[in-house]
Amino acid sequence: MTEKLKQLYKTQILKHAQNPFNEGKLEAYTHLIKAYNPVCGDQFDLYINIVDQRVIEASFTGYGCAISKASTSVLAKHILGKNKAEIAVFVADFLKLLDPNGPQPLEEITSDEELMAFAAAREFPERLSCANLAWLALVKELFPD
Amino acid sequence: MTEKLKQLYKTQILKHAQNPFNEGKLEAYTHLIKAYNPVCGDQFDLYINIVDQRVIEASFTGYGCAISKASTSVLAKHILGKNKAEIAVFVADFLKLLDPNGPQPLEEITSDEELMAFAAAREFPERLSCANLAWLALVKELFPD
Amino acid sequence: MESLKSEFPIFANAEKEGRTFIYFDSASSTQKPQSVIDAITEYYGGYYANVGRGLYWPATQASNEYAKARDKVRNFVGAKSAKEVIFTSGTTDAINKVANAVLLPTLEADDQVLVSEMEHHSNFVPWQQACIQKGADLKVIPLTTAHTIDLAALKATLNSKVKFVAITAVSNTLGTKNDIKIIVRLAHAVGALVLVDASQLTLSERIDVQKLDCDFLTFSAHKLFGPTGIGILYGKQALLERAIPFSYGGGMVALVNQDETTFADLPAKHEAGTPNIAGAIGLGAAIDFVESIGVAQIAKHNAALRTYTVHLLNQIEGVNLLAEDAGDASILSFTMEGIHPHDIATFLAEKGIAVRAGHHCTQPLLKSMGLPATVRLSFSVYNDQREIEQLKTALEEIKSFFG
Amino acid sequence: MESLKSEFPIFANAEKEGRTFIYFDSASSTQKPQSVIDAITEYYGGYYANVGRGLYWPATQASNEYAKARDKVRNFVGAKSAKEVIFTSGTTDAINKVANAVLLPTLEADDQVLVSEMEHHSNFVPWQQACIQKGADLKVIPLTTAHTIDLAALKATLNSKVKFVAITAVSNTLGTKNDIKIIVRLAHAVGALVLVDASQLTLSERIDVQKLDCDFLTFSAHKLFGPTGIGILYGKQALLERAIPFSYGGGMVALVNQDETTFADLPAKHEAGTPNIAGAIGLGAAIDFVESIGVAQIAKHNAALRTYTVHLLNQIEGVNLLAEDAGDASILSFTMEGIHPHDIATFLAEKGIAVRAGHHCTQPLLKSMGLPATVRLSFSVYNDQREIEQLKTALEEIKSFFG
């Protein structure tokens, strides 16, 4: 087990992969976001309920690798309570975390350890499409073009 | 001027290229053979008059390099008086002269110096299509298979 | 057979840089022996020229080597004549060319084209798109429980409307092998032409196109120790003569007039433009390399490694081997309970072990097996048993990490 | 600029073997600098892997280098985005793909396609055959007495039925250069798309596709110090997006279902199958080589050699130079009274001087000039004045031999 790899699969990520946040369908939702990566077959459905401009509920179902599952789980957890403008900033920050040329130190972006853990993906460019899968799908849905 | 090259352009060949045998059209002929090499643009019309199964007249017109011109000229000269069976043997022998894997010594094939000169083409495989141009066209005409 | 690792410079170079490198991804592409690399550098550095029309010495030598490469391929597949050997840029290119120049011009609505469920996308999508374009039917022959083409289903599907059958000889995901000879005989009986995707067959058994009696056969050099950007289409001479040219341009014409063009004879007719000369020469050297060992020897070596892998991996609980019984194969796919193939591949990669995770360009096959992805191991002449033992240890570590 | 002969190993190797080698055939294909050969061997011997989906280090490195090569090309031609750069197996392949995927699906009877009289067969026959297939008209624009495309004739021919204009930037037989910017503007004014064959332009001037505003532009790596089997198609993004895929197979799909397939985004959409990875990396190195000297410097060097050649050859009676005034060209064709080009080329070859004799894949052009063949000289960075003096001496010898 190399250090780099331990970083990637940090307890934060494994925790979410193994005990994801709110796995399952929502009864009522305003958005169903289908995230699919044909290259690896990862597939998630993200359910979001937006009431009065704010996310009041979020959950997901689906199948994927530890990275994609954890990142979907973290997404569902962290958008709770946010409005669209806040989501835009939040997603942009997360994508900066993943960007090999993104800001250093990570604290410039976030102080949340759960999110910061994904910065390890900077060292694994091949896994980028796992880490940002649900996030890009969300952007496409909420902010078309 | 290398020896190899001198061989190729031996006086025999240059002689025929510069003073070809019977250049011009025949008044009367039984066969007009069009020899054309699209790769280099060489183009000859070979006129042959076969009477009583024997070639009684042959001539040619056209344009080409020294090798193709001389070989057409030599062909026109040497098929005079031959019948079809004799032509078949004669052409086959000439093609053996040109073949890099053909018989050695050349005397096994012919003792005619004018023909033998073309064996120098064995060293110039790229020029083979010049040396056999009219000959292959003749075969195609007289012995369609 | 001993591992031939020392002939492949990448391993020594990796060691020099202190990197572990265990390569189990030869079904995607094989590593290159020094002899192949040398053939390419000798051409570029020693006698480089375009082929075809130059009268100077490098042009002559390049043309000779290019022709020799074609003849090596002819011999390698057992073709009657070098005219039946067309250089393409790879298997995918070859299949597209046959679909465009052989099938499409004669395909009509309600005609049928057959492929199998195990086809690589490259031998699936071109036929599918041709059918869509012409309103023809694409029929996908299912597999038996042993993961080979179901011959009964094939027989039941064949009829006089079937114009073309395109099948792979060996599954690139499972390693299972189809009975090409029988498939060809059945297809010919209804008048269909057959293309064999031999991408994974070339190192598995000696190919003899005359015995197989297939109409077309194709493979890529890069899976055969050869360079990228070059592949082979074998075609029966009469069919290649009948087909419209695969593409148009320099080198394949006879006479070009404003209103019409006449074309050169085979094989030039189907090879427009400056060919991948270095690629062809490299492929020739790759075939020399293979012949010097013998296809049967290589296949035996690879199959033995696979057998050993089956033996070791079966000792790990939660590992699920696919098509475990495909005894003489060099490919082995598996999954592990609760751990995604991509996580496995990333872990192995960190240990310098190269495997492939995904659908291996066979989405229809994986869908039929209800799997989103597998981990695929594929073996070649530079692998040995010790490497498989290292793989086993690594998989056990992964298991306990995710456990 | 000094001759860069020492960077091209073929010359030192020839000398070692005691062979003279003066290479005046760069328009057919250029020699390869050591840096390009090294880039290829480093890939094969140091980090060989397929691109696209591997998670292990050689796969990552190979994918990175492949992407870097595409970006070097993007920069080299001034494209907006790397999505506009499609790797093909060469110019001929690129032109056929545009003819098949862009022109053919929309071409109708009575539509018109324009080419010029100076086109290489590769930029002539594909359009001609497309027109024949659809009953459209191929119009061949004549040249002026200066041997460039006659813009007045072009203007007179352009009309709303013209769907496509395919023209070469530089004649590979004469070296003359067309005014692409104006041609594009005229063609766009009637709604026609324009493909520029830049095979002979890449070392003649800095290309800027945005300034040219052409819709497609293509060239082959092997004429640019790069490897065989790889070429470039630049296309405007919107057009590449609208076009059907150039071919089908692995790497260019998103979802494959039995009845339909969805395709990947640009540039993958148009690159089916394992690409010529070594070729792309070699092309990247070739572009680095060119950039390190500068296109303008190379063009100046070549033009100066041509000017010197014109000066020397004009001293030989009976030598007839074609398009003598094309001052900034690197190509010079000539004939000699009473001596056939092939005999000249054979004589020169025996002296180790490589020239090309024939129609140079431009039969329509030679027909229009009433010539069956020419001798063509073409210059590059490894040539120098002394070599041209040797050429002159050799031509004088030939003259006296045949005289």
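Here are a few things to note about the model shown:
Chains: A, B, C and D, in written order; residue numbering restarts at 1 for each.
Everything that follows uses one rule, which is that contacts are C-beta pairs under 8 Å (C-beta built on N, C-alpha and C of every residue); 3 or more make two chains touch, one makes a residue touch a chain.
What you see is a predicted model, and the numbers here were worked out from it, not measured in a lab.
Under the touch definition stated at the top, subunit B and subunit D share these contacting partners: C.
A comparison of the A-D and A-C interfaces places the larger number of contacting C-beta pairs at A-C. Centroid to centroid, with C-alpha atoms defining each point, subunit C and subunit D lie 31 Å apart. Separation between the centroids of subunit A and subunit D, computed from CA atoms only, is 47 Å. Taking the mean of the C-alpha atoms as each chain's centre, subunit A and subunit B sit 80 Å apart. Between subunit A and subunit C, the centres computed from C-alpha atoms are 38 Å apart. The residues of subunit B that reach two or more other chains are 38-39, 124, 126-127, listed in rising order. The set of subunit D residues touching two or more other chains comprises 53-55, 59, 253, 255, 342, 346, 357-358, 363.
Chain pairs that touch, as defined above: A-C, A-D, B-C, B-D, C-D. Listing the residues of subunit B that touch subunit D in their complex gives 1-2, 4-5, 8-9, 14, 38-43, 63-67, 69, 124, 126-127, 130. Of all residues in subunit C, only 339-343, 346-347, 350-351, 357-359, 363, 366, 372-373, 397, 401-402 touch subunit A in the complex they form.
Taken in their complex, subunit C has these residues touching subunit D: 9-10, 13, 19, 21, 25, 28-29, 31-32, 34, 36-37, 40-41, 44-50, 53-59, 89-93, 95-96, 100, 120-126, 128-129, 132, 138, 140, 220, 222, 227-230, 247-251, 253, 255-261, 272-279, 342, 345-346, 348-349, 352-358, 361, 363-364. On the side of subunit A, the complex with subunit D involves touching residues 36, 38-39, 124-127. On subunit C, the positions that touch subunit B within their shared complex are 53-55, 59-60, 63, 253-255.
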